[in-house]
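Take a look at these structures.
There are two complexes below, and they share subunit A, which is joined by subunit B in the first and by subunit C in the second.
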Partner chain A sequence: MLDAAFAAFLQIATDPFAIGLCLIGVVIGTALGALPGISSTMSLAVLLPFSFGMSLEHAMVFLLAVFTASVYGGSVSAILINIPGTPGAIVTQMDGYPMGRKGRAGEALTYALLASTLGGLLGWCLLVIFAPLVAQAALAFQSPEYAAITVFGLAMLAYASPGSTFLALIAGMIGLLLATIGLDTTTDVARFTFGTDGLQAGLGIIPAAVGIFGIAEVLKGLERGAKKLQPVTRIGRLLPPWREAAPLWPLGLRGSVIGAFVGAIPAAGSAIAVTVAYALEKRLSKTPEKFGTGCPEGVVAPESANNAGVGGALIPMITLGIPGDSMTAVLIGALLIHGLRPGPTMFAQHIDFVGIVYVALAFAIVATLVVGMLGNRLFARIVNAPRAVLLSGVTLLCIVGSFAVRNSFFDVIVMTGFGVLGYLMNRIGMPTAPVIFGLVLGPILEENVRRSMIIYNDWTVFLTRPISLTVLIIAIVALAYPLIQDAMRRRPSP
Partner chain B sequence: MLQRSKTILATLTAAVLAGAFAAPAALADDHDFPSQPVTLIVPWSPGGGSDTSMRLVAEAAEAHLGQPVVVVNRPGAGGAEGTRAIASAEADGYTIGMVGSGVIARHYGNPNANDYGDLQPIVFFGADPGALTANPSTGFKSVSDFVDAAKAEPGSVTNGNDQPGGSSYISISVLENELGVEVTKVPYEGFAPTVAALLAGEVMTATVPVPDVIEHHKNGDLVLLGVTDTSRHFLASDVPTFQEQGFDIVIGSWRMLVAPQGVPQERLEKLEQALIATLSDAAFVERANAAGFGVNPMGIDDTTAFLKAFDDTLYPVLKASDLVKVRDRN
Partner chain C sequence: MKETLRSHSLSLAITGVMIVAGVMLLWRNLVSDPIVMQQWGRDPGPAFQPIVMLTLLGLSALGLAVTSAINALRARGVVDLGNGIASVAMPAAMVAALLIFVALAPRIGFLACALVFTAGWSALIAWRDGEGRRGIALAVGGGALVAYGIFTVFSTMIGVPL
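The block that comes next holds the complex of A and B.
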């Protein structure tokens, strides 16, 4: 294995074309990831045909660079304009955007970038050292376990949201209910579509997120009136003070471990990983009340988890030939076109290719760091734009981004609706992120609960399977803990 | 400053006017067709088999069409969304699209979906035969083993497939119908999760296409029991067909390129010729085969006849599986 990796390293490091492709891929990936509405998957699919003419090595270098950079790029727009460029960045913005509003946008971007790099590297280590082991463990996750871990993710989210846990739970419920709109994936029957064509496809996650975060923020800006639309005059410095940043590395490490493992479970998705990482740090923090108001911890934890997921998602691909998520599905498409069919024999028969994946991913992580450091100086200036221009620009991005997802005007209407909903929710102090997580996790939860019932025909299956039971117990304890704590506190002290 | 913005305005106006005049001119003169890029609507998300196959076509078609082909993804509602976009596009030949075998199931099953008669076939891309694969722990070695187990206790065999109306759901429904068995159909969203569940042993069998399981079959992690085609699959020459095992069942999924109804005849023929040439291109076929797509180009007439014949075969199966909810035949 080491030989193969070393050979691949020499091959790529001494090939100026490969290095150039890596840098170009990172620049394009960061830009596409930062654009609302263009997910990592879409970036990869659109750039896929460019790789047809390349050699397999070059194709992997290029596509992995796009993949890695687009995951980081998603946090750029989250921090600067409160729109998650990719769904994985939704949690990053809970603290990233407030940091920017405090004049610390530059620092927030750097925190996100460093956390991304740390997460990326840890995910990489997991990929290189434990790939076959993790792949086997991931197969232990079946429908009941998916259902349980989704419940766990929702519980963590209620806890992670700033403000009242009760309101967050209600917001999550709204999201779960909205997620039932469209064709039922189990029976193919239309639900809550009122006979319309547009609703058959369900409410798109990206249009909803772009509206509820982006447009809602624009509406809030309008409410304050034209006179008060003053620009944030300081972009702040780029490098955070060492004294603040240094103690955060264990936090980033924990986030990375969570991200890498959850990312390796096929289809679990980054949404759960970032939520769990954020909730864990809020729990461990001595000042949990600071989360949600713009603290660096709230950027570092989810961002490291988000990027660690890249290495994690590649594990099922190179060990079993199964895509861990929609991004790796596109990568597998690229391999097929180059005549390489990923499967369980990858390590035995294509060890040279495995080496290339390892090295290409490492280069992509480093290149993202370098390009990001240079780019952040530029990105951070966005908040310097006059508020009126910025808000108009954001509105334009929201419209284009929500249209781009499915090339559908209906999604623009959905986006606008969610913008109004988000504005109203902000007015009554209800967190909006749980709505989006409800939309993301609702279908996963429903599908897996119903599938478990079809297979086992017995609801106790969630309690008799050890992993499922453990996860559910942790979820309940996490939800009930604040209540218990309150009760303990109220007990009169002697 | 003012001067500059005036110049920009003038340029923009000129551009808009030029565009307005150019468009009807392009419409009038069919000899120049196509004089602008052609849009290819894919009713599925980026990254899936339909998207990948059509991006291959789009890339290769430019040389034969003389214009770039731009893939536009319109996923949603099991393909109904994108099919609607194709059917309602302007019939000028500049918008074409892909539909798969699911278009028939949606025609009968989804009241909001288009009648497949709204589409004008252009060329047939190719077919993927259905296949039946088992987890080795079931002990199934052949199709007969599967039939025996399913008959011994109806519903005891669990099969992984997509949601009702999807191609692997249709596959298992056809098998149930023709073999006279009953299995528990477990829906997954897409082939990748289905294969993962089969590997993990959550389901006993699955009806996903050969390319999705071939590597696991070779490695012994899964057993391909048979393919529902008239000849063996080019990736799995060791796996006998259902016919060879004494079960006369041929069913598969397919993809074709279509246009909205009403495209001028001359343009339709130009598209047909260019796409047939694309799909017959040796370099293209090699690439598509490597990616697991069988390519079998057919022209307008053969494709139209194929669509009709497929409807005739599938209708009784859909009827028996309770999937005919609208546009029932008498």
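The block that comes next holds the complex of A and C.
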């Protein structure tokens, strides 16, 4: 593993094109993340087509740079205009914006940047240490275990999704059902194609993700009138006083550990990690009343957790092929386009690629720190980009991005359909990420359930194998617990 | 508060009914195909996952429709559909514009479509946001510039056959 990582380091460090791609990815990722209404997932989805013409290594360098930087970029708009650029920055605004209103926006941005770097590095360490171990354990898995792990991923998604677990489950089932459209890979029989040639190949993950995360947000932006913003106009000095910053290291470390471990839980997402980190620090603080009034602790804790989740989310993606969050779901789509399906065999068959992921992520974290320190004042201006041009430009990017996957206008229609679906789901409060997770995991689930049946010819195989049974029990508990809680809450009081 | 609850419950009930209708349509499509439904030996066959998903989704959606309808009936208040319809006019127009874009781009060219689409929507959004003539003109110019930039990057630099 060390050899592969060292080779990957030399390969990237001595390749000016790769370094350039990393820097460009960081600049664009931070800028998009800073724009209100453009989430990290959306940034990744619309920039994905840029990677189509690249080699797999260059594509990963670019996409991981966008991924890492956009997660940090979300804090810029949270601090300056009180709108989180990404869901992970939702807690940052609670103290970041008040800091900005006090004339300390520059310091808040630096706190966010340093905490993001610390979190990113700790998440990276977790990835490097645990991914090989998980992959090694997963090598013992056979079809029943894979099927059970997929069910577990979906159950965790429903458990961890914001809002109603029941609605998240329905959304996940919609995704699983949509994944069955097209030719069945085992028998080559067409399903739900309604005689349409375009549906024979199934629904593409990228057009679906661009539609549900990109177009749906554009439609939502069109629905509402321009929100009256009160941007912070004075950035102030960037470097916070050392006396204030130095004691915050342990706090950043705690946030990073929380973020990295929560991020590693399939589908748990950054919103949970940042909320837990913020709540913990508030509880541990001797002056909890300061939280929410513009204290640096309220910026450092969630931002370190937010970025630590990046490395954590890559663990289930690389080792099991299960997305850690919606962004890694898009990354899986990108890998599939480049002809690579992530899973436990990655460490045996594509160890060079794993090395590239390790090194590319480390470069992206460091580049985000450098670009952020140099360009924070510039990024602060981006939040005031004209809304009209932004919305129409993003829509055109979505069109081009969907078209470019297979050079097909049918994919643009698919994107539009998913955009409408995502928009309607947002309106009724149904989480949209489970649909994409269902699309990603549907074929894996079907393939492994059917393979298990062909090999073992016994339905009880999922319950007689210890790992499969344990994983299924955890999945059922994860599903049943919030559903029972929901039902108890709904019961009318006597 | 109760009015909001009623509107939300009603939306969920309608969603549940629509999903049930979709499930019935797909079920009919699936079972009417003899190739999909035939026996495949030990393989559960191509119909297996769709049948499981349609069953689970159909039952869940039915539960959603019934419980939400009951909640909507319990909550008092008037549901104002007029306001809801007015608020989705622009999104609906965007969806129509996207479909028109798909229909026209192969005929009149991607660049022409992109310029008209982006400049037009920039102007419309700027006007709706209450911008003056100068703001609208700037939005049109900015939109056209963005469209040309995106086209150049993807067509010339990346080689996408737009």
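Methods note: the second predicted complex is superposed on the first by the 275 of 494 C-alpha atoms of A that agree within 3 Å, B and C clash if a C-alpha of one lies under 4 Å from a C-alpha of the other, contacts with A are read in each partner's own complex, and residues count from 1 in each chain.
Keep this in mind: a residue touches a chain if its C-beta (ideal position, glycine included) is under 8 Å from a C-beta of that chain, and two chains touch if they have at least 3 such contacts.
All figures in this text were calculated on a predicted structure; none of them were measured in a lab.
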| item | value |
| --- | --- |
| Contacts of A:A246 with subunit B and subunit C, given as first, second, both or neither | neither |
| Contacts of A:L2 with subunit B and subunit C, given as first, second, both or neither | neither |
| Partner chain in contact with A:L391 - subunit B first, subunit C second, else both or neither | second |
| Touched partner set for A:T186, first subunit B, second subunit C, both or neither | both |
| Which of subunit B and subunit C A:L222 touches, first, second, both or neither | second |
| First (subunit B), second (subunit C), both or neither touched by A:A45 | first |
| Contacts of A:F403 with subunit B and subunit C, given as first, second, both or neither | second |
| Which superposed partner A:G333 touches (first subunit B, second subunit C, both, neither) | first |
| Partner chain in contact with A:D197 - subunit B first, subunit C second, else both or neither | first |
| Set of subunit A residues, in rising order, touched by both subunit B and subunit C | 49, 52, 184, 186-187, 407, 454 |
| Complex contacts: residues of subunit C adjacent to subunit A | 8, 11-12, 15, 19, 26, 29-30, 33, 35-36, 40, 42-50, 53-54, 56-57, 60-61, 64, 87-88, 90-91, 94-95, 98-99, 101-102, 105-106, 114, 117-126, 128-131, 138-139, 142-143, 146-147, 150, 153-154, 158-162 |
| Residues of subunit A defined as touching subunit B within the complex | 41-42, 44-46, 48-49, 52, 139-140, 142-143, 182-188, 190, 193, 195-197, 200-202, 266-267, 316, 320-323, 326-327, 329-330, 333, 336-339, 341-345, 406-408, 447, 451, 454-455 |
| Complex contact set, residues of subunit A against subunit C | 49-50, 52-53, 166-167, 169-170, 173-174, 176-177, 180, 184, 186-187, 189, 191-192, 194, 215, 218-220, 222-223, 225-226, 386-389, 391-393, 395-397, 399-400, 403-404, 407, 409, 412-413, 416, 419-420, 423-424, 427-430, 442, 445-446, 449-450, 453-454, 457 |
| Contact set on subunit B toward subunit A in their complex | 45-48, 51-52, 55-56, 58-59, 72-78, 80-81, 84-85, 109-112, 158, 163-165, 184, 186-189, 192-193, 195-197, 199-200, 202-203, 211, 214-216, 218-219, 221, 287, 290-292 |
